[in-house]
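Going in written order, the chains are labelled A, B and C, and every chain counts its residues from 1.
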Amino acid sequence: MSAILRLLFLIVSLSPGLLLLAWDGSLSWTLIDGVRLSLTLTPLAGFFMVLLAVAAPLVALPMLRRPLDWSSLALYVPLVLGMELLLLAGDFISFFIGWEIMTWSSYLLLLRSPRADLETSQSYILFNLASAFLLLAGILFYYSLSGDFRIGPLAGTTFGQELILAVLLGLAFLIKVGTLPLHIWVPSSYDQAPDLFSAFLSGAISKMGVYGLILLLTLFPDALTSLAGRLLEGPAAGYLLAWIGVVTSVVATYKAIAQEDMKRLLAYSSIAQVGYITTAIGVGSSLALAGALYLALVHTLVKVLLFISVAGIVLQTGQRRFKDLGKLIERMPVSFFGVLIGIIGLAGMPPLPGFAAKYLIFVSLVDARWLLLLAAMILASTAAFIYCYKLIYGPFLGHANSPQAREAREAPLIYLVPQVILMALLVLFGFLPGLPVQVLIDPVLVALGMETIGGASWAELTTTYGGYDGVVLMLVFIIAFVLVTGIFLLLRGRMHRAGSPYDLSYAGEVPTEGTPLHYGAGMGRELHRIPLVGWILRRGTRGFYLGLAGQMRAAAALLGSLYVGRPQIWILIAVVVFAASLAAQSMLGGL
Amino acid sequence: MHAVVDSLAMIGVSYVMGFLFYGFYRQFNARVQRRWGPTIWQNLFDNMKFFFKSETLIHGPMFFFGPMIIMAGAFTTVLFVPFLKDSDWLQGFSQYGNLILIIYLLVVGPLGNALAVGSSGNPFGVMGVTRGLTRLMGLEVPFFLGLAMVMLQHETASVHAIMAAQDSLAHWGIVTNPIAFCVILLPFIGSQHGAPFDVVGAPVEVYAGPRVEFGGRLLGVLMTQRMMMSIAKLVLLVDLFLGGATNILVLIAKAFSLFLLTTVISMVFPRLKTEQAVDFFWKVPLGLGVLGVILTVWLPSWSA
Amino acid sequence: MYHKTQCEGFQCEQAMLEVPGEAESIRQGVLERLVSWMRHRSLFVLAYGTGCGAIEMRPLMTSRFDAERFGIVGAATPRQADVLIVSGYLALKTLRRVIRSYEQMQEPKYVIALGSCTINGGMYWDSYNTIKQVDRYIPVDIFVNGCMPRPEALIEGFVALQGRIKNGEKGGYHHYREHIDWYKANQRKVLGDQIPPTYTCDWYHAGGVV
């Protein structure tokens, strides 16, 4: 029985992939009079379906490790199905239904974690419900404009109407994406969610917000340009969105550096990465959208990889803070390579595909002449090296800092299989940076009516500003590495390994086990001394929300002061309101 | 075959230029301080001495592979920077790359080495790495902004195309885009580990630094890659701002004059602390860069 | 030379301290000569400022005496250094650190001992916590006499050391490796439990000797 159920679970997790292969044509039926539901697979949705098809089974596989948590598995099924519905939706009704299923099942999954506290779960559900209500409001407003729930470009709308629609839907999706200052539900919920589910939260669910943002662009005839005209070579409305994205990346990157917990660091890094994607969507050119989609792909691969690796570490050691781990490189070599490949992708270093994505976004910013944005983005993406280094140094290098870290064993095979698959995918895309562009991204660009950017071969990534060849790059690097190592070993002279991990040049001192040698927790603390960084790190959005709450309370108190305990005053107020509205109507000529 | 010979030639040229330039640097520095100083070959001697050390201590496999990665990174960087223009030689694989790729390649090696430093288990080394990454964060922003201004000016990221556009002295980048050159110059010194931004390695004085655990032949590897990387960066700037070079002598002359300029600046300023350096990069070069963007990008588009 | 049959431990101190005969005539191939030449032109110095001699090493590096013209520069850590300068008397506490630093240096490595205190204790000859002869604990290649020796004397010491390196003579580190038991016994005698851990030199016993 249990075997059959697990098989069923796996099949459901594979269903996005099967759907991609098997889906053909579209479904459509009438819900009530005048409202038709339709399910189609547009190329844009198809792209995000690919992300889901990669993330869902790879996260599902380690979830099958015994002891099984049946309720988590049961909740995972509607989550995946809801997201499929969301992506297949050709109209906003099914879109909203999918969105709600996703929100509620992910919320219940979050609650399965013993670490989830009240504050986290409350903020998760409140922000996501706010997102859903904004979405609902946006959908109804859209219906009032077009008279139809089908998702398609609007025509004949005024600036004000477009603005309202853009703000309503945009806010809904930005909450899901987690940009500043709407991000505060992200770090704690990614941190406190079940370890494997965090991978899905970051890898797949946050991408639905990205999907929504791109979908929002398609609602307007001339994308963002129609909203407020152009600034330099890009849309002016997008300039605002791009700055929101970049500020999000910068702040989240510094917050990530300051974290002392692996999963919180990854959560903030997710916010930063999605910030880049938001920036690219703001630029809105074909290069930028390609970059956004590429980065979404890479981010899904990388974050699923990293979160599963970290889940393996937490499983084997029970520790999640940098200062409690260390020197796992010899004990968990596969996980080490998982995290290594992951951070290379995360930092956007060549030759892995993270660089290709960043390259497209950088070039699109130069192309749009938005150089200040580019500088701010470079700031975030260079500062990201520090947290990437912290992520690999803290658990894997240095000295073991707790008994569990000293005795840990490699993560179970069921955790390693997804990691190896993801590593292979990342390396493959490193060799062939043009492969995702030609196979996955170009169809989307064609469907959006933009020019394609695919090059002559899969190995090349081309832009109007020049490109690079992944195969040549990778081969040169590998050959150089082999040559250097070979020549080095041919040189005469003896190499020997230090007899003890404490054989360190330590100013003549002899460090012992009790000496604090692991630098994991302190790394990045000195950044506080840089004025700008210190300024960012001292601030939080908590003050903003406290202020908001204070204003709300004051407004409520003002309203409450009307409710004095005497009925004659209510009657007086009712009469006054009635008279005022009559007067207003008569003045407007209604009577 | 051509590619192999060409690659070896590039690596050889950058190595020879590297030790001669740094030998010159040490002697010049000595003369400024009114001493005789070592010979110009001193860096070659030092490097060879380290390569022929008979003992090398390692702290596990990652510690060994780190310097190999950084060296492979240096080779790759050198091979992706075109040394000459209008020539079949000293091109390496530069037609398969571009400016942004080169800038990122410059960082690959040091990050690989950071893994080695971490796996040595020496906290001083990791402190050095953190300082290095912090400085990188500071200098990369104005550096990249300046490069972006160059890319925008020529509307390409290909170094070949940028070089080809500078066909005469009047079209040299330093003449047509002096702001970008000024923006880049100081971060460039920082990226060359030059004073006053050299607190990361802090040669001689400070115990802590990324190299604290490296000795013997591994240190030789680190010295070699640093010389080669420096030359790659110098040549890149020659390509971007001094119109490239058509033969090796011109290349050496141009690279040397640029080197002399950076040396003269380094020689007279005292060392900054890491956070001071970062703050400086974000105030002076970046401020200049923002001004430059407003002048060259915003104003023309408004007046148009 | 030291033979185990002749004497044991401290019985043979005198024999140990003697220079092992005249320098053996060394035959070097071309590569060896080249390597020796490179080595003698480049000495990285770990200046261990144990006593008042440290004050004489600063002018050595700076403009007046300019040791850099001989290829002599300071090194930050023992891993990078070729030459250890013991500058003056060694208290027991500093001895421990000196041994530790010496063992962490990578071969070929040399030691220059500075001042009379390193030769016979100098003015500290009857102190309760300084050692008198440094070369009973680590092998010294060059002694520079004086209290304190001037930088010129130190330079002369360096030049003499360079001459030896250039000729390819065996450095003190060979001696240390071959007679590690004797040195360790001496170190243990004065340091007792405080002797540095042996993992920096354990591998000498594992057949690592060339």
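Criterion: a contact is a pair of C-beta atoms (placed from the backbone, for glycine too) under 8 Å apart; a residue touches a chain by one contact, two chains touch by 3 or more.
Here's who's who by UniProt: B = NADH-quinone oxidoreductase subunit H; C = NADH-ubiquinone oxidoreductase chain B.
Computed from a predicted structure; not experimentally measured.
**Student:** If we define chain centres by averaging CA atoms, which chain lands farthest from subunit B? Would you check?
**Tutor:** So the chain farthest away from subunit B turns out to be C.
**Student:** Give the chain pair, either A-B or A-C, that is connected by more C-beta contacts.
**Tutor:** Higher contact count goes to A-B.
**Student:** How many angstrom lie between the CA centroids of subunit A and subunit B, rounded to a whole number?
**Tutor:** Subunit A and subunit B have C-alpha centres separated by 34 Å.
**Student:** List the centre-to-centre spacing of subunit A and subunit C in whole Å, with centres computed as mean CA coordinates.
**Tutor:** Averaging C-alpha atoms per chain gives centres 59 Å apart.
**Student:** Could you list which residues of subunit B touch at least two other chains?
**Tutor:** In subunit B, residues 52-57, 207, 212-213, 216 touch at least two other chains, as defined above.
**Student:** Where in subunit A do residues touch two or more of the other chains?
**Tutor:** Where subunit A meets two or more other chains at a single residue, that happens at 494, 496, 498, 503, 505.
**Student:** For subunit C, jot down the residues that touch at least 2 other chains.
**Tutor:** Residues 77-79, 104, 210 of subunit C each touch two or more of the other chains.
**Student:** Going by the contact rule at the top, pick out the subunit C residues touching subunit B in the complex.
**Tutor:** Touching subunit B from subunit C are residues 35, 38-39, 41-42, 44, 62-63, 66, 68-71, 73-80, 82, 104-108, 210.
**Student:** Given the complex with subunit C, which residues does subunit A contribute to the contact?
**Tutor:** For this pair, the touching residues of subunit A are 494, 496, 498-500, 502-503, 505, 508-510.
**Student:** Using the touch definition from the top, list the residues of subunit B that touch subunit A in their complex.
**Tutor:** 51-60, 62, 64-65, 68-69, 71-73, 75-76, 79-80, 93, 96-101, 104-105, 107-108, 111, 114-115, 118-124, 126-127, 129-131, 133-134, 136-138, 140-142, 144-145, 148-149, 151-152, 155-158, 161, 207, 212-213, 216-217, 221, 274-275, 278-279, 282, 286, 289-290, 293, 297-298, 301
**Student:** Taking the complex as given, what residues does subunit C use to touch subunit A?
**Tutor:** Per the touch definition, subunit C meets subunit A at residues 77-79, 96-98, 100-101, 104, 196-197, 199-200, 202-203, 208, 210.
**Student:** For the complex, which residues does subunit A have touching subunit B?
**Tutor:** 232, 327, 329-330, 340, 347-350, 355, 359, 362-363, 365-366, 369, 371-372, 374-375, 378-379, 382-383, 385-386, 389, 392-393, 396-399, 463-469, 472-473, 476-477, 480-481, 483-485, 488, 491-498, 501, 503-507, 516-519, 523-524, 526-527, 529-532
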